[in-house]
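Read from first to last, the chains carry the letters A, B, C, D, E and F; within each, the first residue is number 1.
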Amino acid sequence: MKYAEMTAVELKNISREETLVVLPIAAVEQHGPHMPTATDTIICTAVAEQVEQNLKESVLLLPTLWLGASQHHLRWGATLTSRVENYETLLCEICESLLDDGFRRVLILNGHGGNIGPMQISLRRLQVHYRNCQLMTASYWSIAEQEIASLMEGECKTVGHACEAETSLVLHLRPELVRESKIENFIDYAPDMIDGVYLCNDMYQRTQKGATGRPDLASAEKGEQMFSAIVKRVTEVIATLSKNALSE
Amino acid sequence: MKYAEMTAVELKNISREETLVVLPIAAVEQHGPHMPTATDTIICTAVAEQVEQNLKESVLLLPTLWLGASQHHLRWGATLTSRVENYETLLCEICESLLDDGFRRVLILNGHGGNIGPMQISLRRLQVHYRNCQLMTASYWSIAEQEIASLMEGECKTVGHACEAETSLVLHLRPELVRESKIENFIDYAPDMIDGVYLCNDMYQRTQKGATGRPDLASAEKGEQMFSAIVKRVTEVIATLSKNALSE
Amino acid sequence: MKYAEMTAVELKNISREETLVVLPIAAVEQHGPHMPTATDTIICTAVAEQVEQNLKESVLLLPTLWLGASQHHLRWGATLTSRVENYETLLCEICESLLDDGFRRVLILNGHGGNIGPMQISLRRLQVHYRNCQLMTASYWSIAEQEIASLMEGECKTVGHACEAETSLVLHLRPELVRESKIENFIDYAPDMIDGVYLCNDMYQRTQKGATGRPDLASAEKGEQMFSAIVKRVTEVIATLSKNALSE
Amino acid sequence: MKYAEMTAVELKNISREETLVVLPIAAVEQHGPHMPTATDTIICTAVAEQVEQNLKESVLLLPTLWLGASQHHLRWGATLTSRVENYETLLCEICESLLDDGFRRVLILNGHGGNIGPMQISLRRLQVHYRNCQLMTASYWSIAEQEIASLMEGECKTVGHACEAETSLVLHLRPELVRESKIENFIDYAPDMIDGVYLCNDMYQRTQKGATGRPDLASAEKGEQMFSAIVKRVTEVIATLSKNALSE
Amino acid sequence: MKYAEMTAVELKNISREETLVVLPIAAVEQHGPHMPTATDTIICTAVAEQVEQNLKESVLLLPTLWLGASQHHLRWGATLTSRVENYETLLCEICESLLDDGFRRVLILNGHGGNIGPMQISLRRLQVHYRNCQLMTASYWSIAEQEIASLMEGECKTVGHACEAETSLVLHLRPELVRESKIENFIDYAPDMIDGVYLCNDMYQRTQKGATGRPDLASAEKGEQMFSAIVKRVTEVIATLSKNALSE
Amino acid sequence: MKYAEMTAVELKNISREETLVVLPIAAVEQHGPHMPTATDTIICTAVAEQVEQNLKESVLLLPTLWLGASQHHLRWGATLTSRVENYETLLCEICESLLDDGFRRVLILNGHGGNIGPMQISLRRLQVHYRNCQLMTASYWSIAEQEIASLMEGECKTVGHACEAETSLVLHLRPELVRESKIENFIDYAPDMIDGVYLCNDMYQRTQKGATGRPDLASAEKGEQMFSAIVKRVTEVIATLSKNALSE
């Protein structure tokens, strides 16, 4: 079910207990020299829409919030962002609209690394007020971690920024938006976690050109396989979430 | 030019002085018994995208912010909203991302009546910090007021909520989303301005079923004519905005 | 009834259902070379007090909040202001004091153009919490639009800033405060709305000397006529507001 | 000099270094069974205006902010208030309007006990940003402490709430607003400071009828003497403040 | 009883009506050339812990909040602080944790002058929501004012900053932390209250070296006597607080 | 070096480039039936102080902020907390005090799981303003992950809440505070991450008695070994942090 396409009367009639509302969130931010700023939004939306197709009865899909918490990209320009604390508030308020309307299962499905912290915190801010609801977040790559890793050829097996995975996925989903001539090996970037310490540097400090990983190993075929694997796994996991018992 | 489809390098290279950045904003909220919640988003996005097609050289189009300031619809359910004061902040922050990246002409192009107040205030909040920039807002119907009025057959000649105009436009743009069997004459609704006094009632108080006006007079043909007329007029007006002199 | 002059016991005894509480708001801000900074406060207070005289039984008048949302005048100096978002909060809190004390009809009566947006938004912020109350705003000129227009001789028929109307009104109410030798024709100012687009410029950008319109056409006689007409019309309109049915 | 009565040009021409700007703040709140809600505003305004008459060359007087921090009176009704933290912000913003316009000496002159904490904090919030300005607050009774005490006949020698002092002062300034038949001996109220411990109780807990002290000992004559003594002392003290050296 | 050393089960079992919860607050901020930054924290903690030893049955002691409202020391460096308005919020939230857990008597016991305003305001912010609780604040020196004064040899009889009293107390409590060779007579500092007017200057403006008073008259013996006297008096006063009747 | 024990002059003289400032943060919150509320604070402080002993020249240690982000424990009572968004602000402000004083390397060393999100976000809020500083966070267990895991005998190899690790560590550090008779096997608790999905439940939902893991396998000996291993590893890692190059 697609929230945006339904009427108020139809939305009123669906089960608050059994329906899982999915809010996809992503970003519009610089993605290196070869990828469009909407990269995260394109991927996350495609995953979410396909999952909804697979679970039409139990999933209620919201439109993708393309705005992300992207302050750490600002120095590269080409980045739209909210302050991170206000992004938390924004997510809280969208969820409150749903929870106050009676829905009891909400999943924020994320496609941008910078959103992980604020999205988890937004649910913590809400949880003390909505204790009988199941509030959840996940990034598509945290659900499909193994599926993605098994398809990555480069040394990095997780989804980075404008990397082998993201580039492959967009080559599959929107090939005309990838500037293939600009692709390089961007594996030489600084991690933000060393020896268990989080180093809070921005992407201007951590990368040479605003991208990470091995987009030079990307391909549309790999993207297609990866997309299928992600959708399959996210579908499986989400299917169980709307069947879990709710707290009273 | 579409911001979301461009790379950071491409965005860096376009003129900050001459380019007009357009941020479409709308809503996902109850729209009576016959219209989808995304009505405002569908219309505003279609207008904005067509205008961008007409003015590819001078307009930089952002994706539509589908979230609106819709607290006054909450009692009907099926409404996603931000608190009105936080909506101002949200708009400020998206604009700041652009202004701090050097852009000097920003237009918020609106498709939801409830956004008018907060969008104007958000610019007032910004203006004291960005005095050499041209900050602008408009609703598509404020620009194309006469064009719309001349096509309305019902007694109300302006765009209401799920009314003759909106219903016609969605019948043209996404006909499968209009539940035609649910259409009624909704002209019997309470105005929010009487004798120069603004009465702050919500839509639960002002309408019988969450809709206003004469959708029973709507048609896809009228929608097509209206859409063309709106796009034409908005194109004309926006074309001049990117040629106006900027303050120093 | 004047709130400020009554005791708590007296205030406790008046009807919460039938009484209309009026909060006048205005500004203390630069008003061009010829008008005192309190221009808006002087006019709005005089109107409000005269209306209260006419409707002693049904109207409960608060003192005028002289502080306005005047950030757009700051570059001219001589301006006291609150940030526009905090001004909303301020109005909310004054109204909350009344609403939590049981009053159910509140009208913000405005005398400063810059307050229109924030005063309407403040009521929208409140309305979701006080749904059985009638929250209203109006500017004296929106109520008495026709009466004012019919007395204006200059090309502009609406109330501007330090214009023909305001100058006439202060010439009538506080003639010693008008510096007549400094009066000029200020009709050459930039509008903030062109072709349906709101241009968010400040008064430093929009005017030559911080004033608009035709104060050179002002006179005390015109002020007297205008004041009478405004008071008469505002009295009529307000008289009906305290008789309208309240929502439950 | 009265800010509200001057033009922007006149205000621009007065000395930023030598002028002391005075912002009177007070309250509109319940004042027991015999006193009007505007008691504090009436007294503080009268003092401030008389002082300005005495020091026309060096003092620039603002209009009185009648809104106070009066949450502790809410349970008695008949009280207008801002939340205490927002009241701090409000005072900050009025002062910022002045300081950003170049004024370097600002005195908040207070007439309501509940404002003391927030007014001092508001200056502390400002001071880190305006270190070369002299930011000051005082209540009229802290300046004229001895003068007031020497005229009090009751056991309490300081200004309380609707007490001997306030009642006398309003009997002098606005005798028609005192309901003399309602006056009682209200000396039996609970202090908020015992053995060096501040007990944060509201006025509903601390008083029987919302008033303190000995208004039964009040008289217009005492009010006249007290008013003269206060004005004389405040004039003396303020006269020196605009001559003190400013930090660089 | 020490909150930090107890288990949740034990804390659940103690009386909410009879127990007085004590939250010590202090500062870590510059304390002149001879005293450690934790001076206020050392003293306040020692007093609080000794009082708890004396009143084990009725007092529940929290750990000391070492962070204070110390913006006025920032220009001397070596100062940790919260913005004053956020410090209020911080105190509110710690108290809310207690009040929502059912405790009805809370005393903030303070050891830093800069905290007095915000701690009182934080309770005013809370009081409107917790009207049946007894919310209290005190500085150790406001309770033991006379005891301290009687032991001071210098001209100033009250506790200042790094002064005779504080230096003596730390010489008694943590002698190794006092740099005795750096001690001077710092009596030549500017007061913040003159003629009833509060002058909001920071410590960089008010002192030569960030200290006040007569630490040159300090001694460990005086510190020991003073500490005993303070503990004795604070014990006496607090003992009565947990026996006072609570409002309903 | 211990910040709290130093004078302002001493603090001024240490190198801003080379010194690593360490802010330990923890919690005072319910820790099941057998552990004191200060468990996290006791452990984190002990680790931090021992590390400072090992690195006296390069580390500047602040006192431990015992307040944590513990809203998810509130339903168990015995929990002091700040709202999570305000906790971010609190950490920002303590860090700002240091950064504005010139320090360029700050590490927040954490001992409470609930702080991880807000502490990382607080640095992201700061980083856009202090781009030439190295802002870092770590939990002691993220640095010493392997050392801890190798000593855990239960099925869970990571630090939980009042678990085998925490209980062992407090048995070593403050044995008198562990109620050994209340220890149980608490391994039957609900995880907050399943299949890559974060489930935002509070500890009342996730545990039977507010504790997790295998405290029944804890011992003082294990605690001693673990403490030594943690301190050794944290010392090693921190030693390198103050030698890394700083961005300009």
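Assume contacts are C-beta pairs under 8 Å (C-beta built on N, C-alpha and C of every residue); 3 or more make two chains touch, one makes a residue touch a chain.
Nothing here was measured: the structure is a model prediction, and the numbers come from that model.
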Partner chains shared by chain B and chain D (touch criterion as defined above): C
From chain B, the most remote chain by mean C-alpha position: E
Cα superposition angle of chain A on its copy chain E, in degrees to the nearest 5: 120
Length of the line joining the C-alpha centres of chain C and chain F, rounded to whole Å: 56
Mean-CA-position distance for chain D and chain C (Å): 27
Distance from chain C to chain A - Cα centre to Cα centre, in angstrom: 48
Numbers and ranges of chain F residues touching at least 2 other chains: 74, 83, 89
Chain-level touch network, classified as line, ring, star, complete or other: ring
Ring topology as an ordered chain list, initiated at chain B and continued via chain C: B, C, D, E, F, A
Residue ranges of chain A in contact with chain F within the complex: 69, 71-72, 74-75, 83-85, 88-89, 107, 117-118, 120-121, 123-128, 131, 134-139, 142-145, 195-202, 205, 237, 240-241, 247
List of chain A residues in touch with chain B within their complex: 3-9, 11-12, 28, 30-38, 41, 62-63, 65-67, 74, 76-83, 86, 89-90, 93-94, 97-98, 100-102, 177, 179, 182, 210
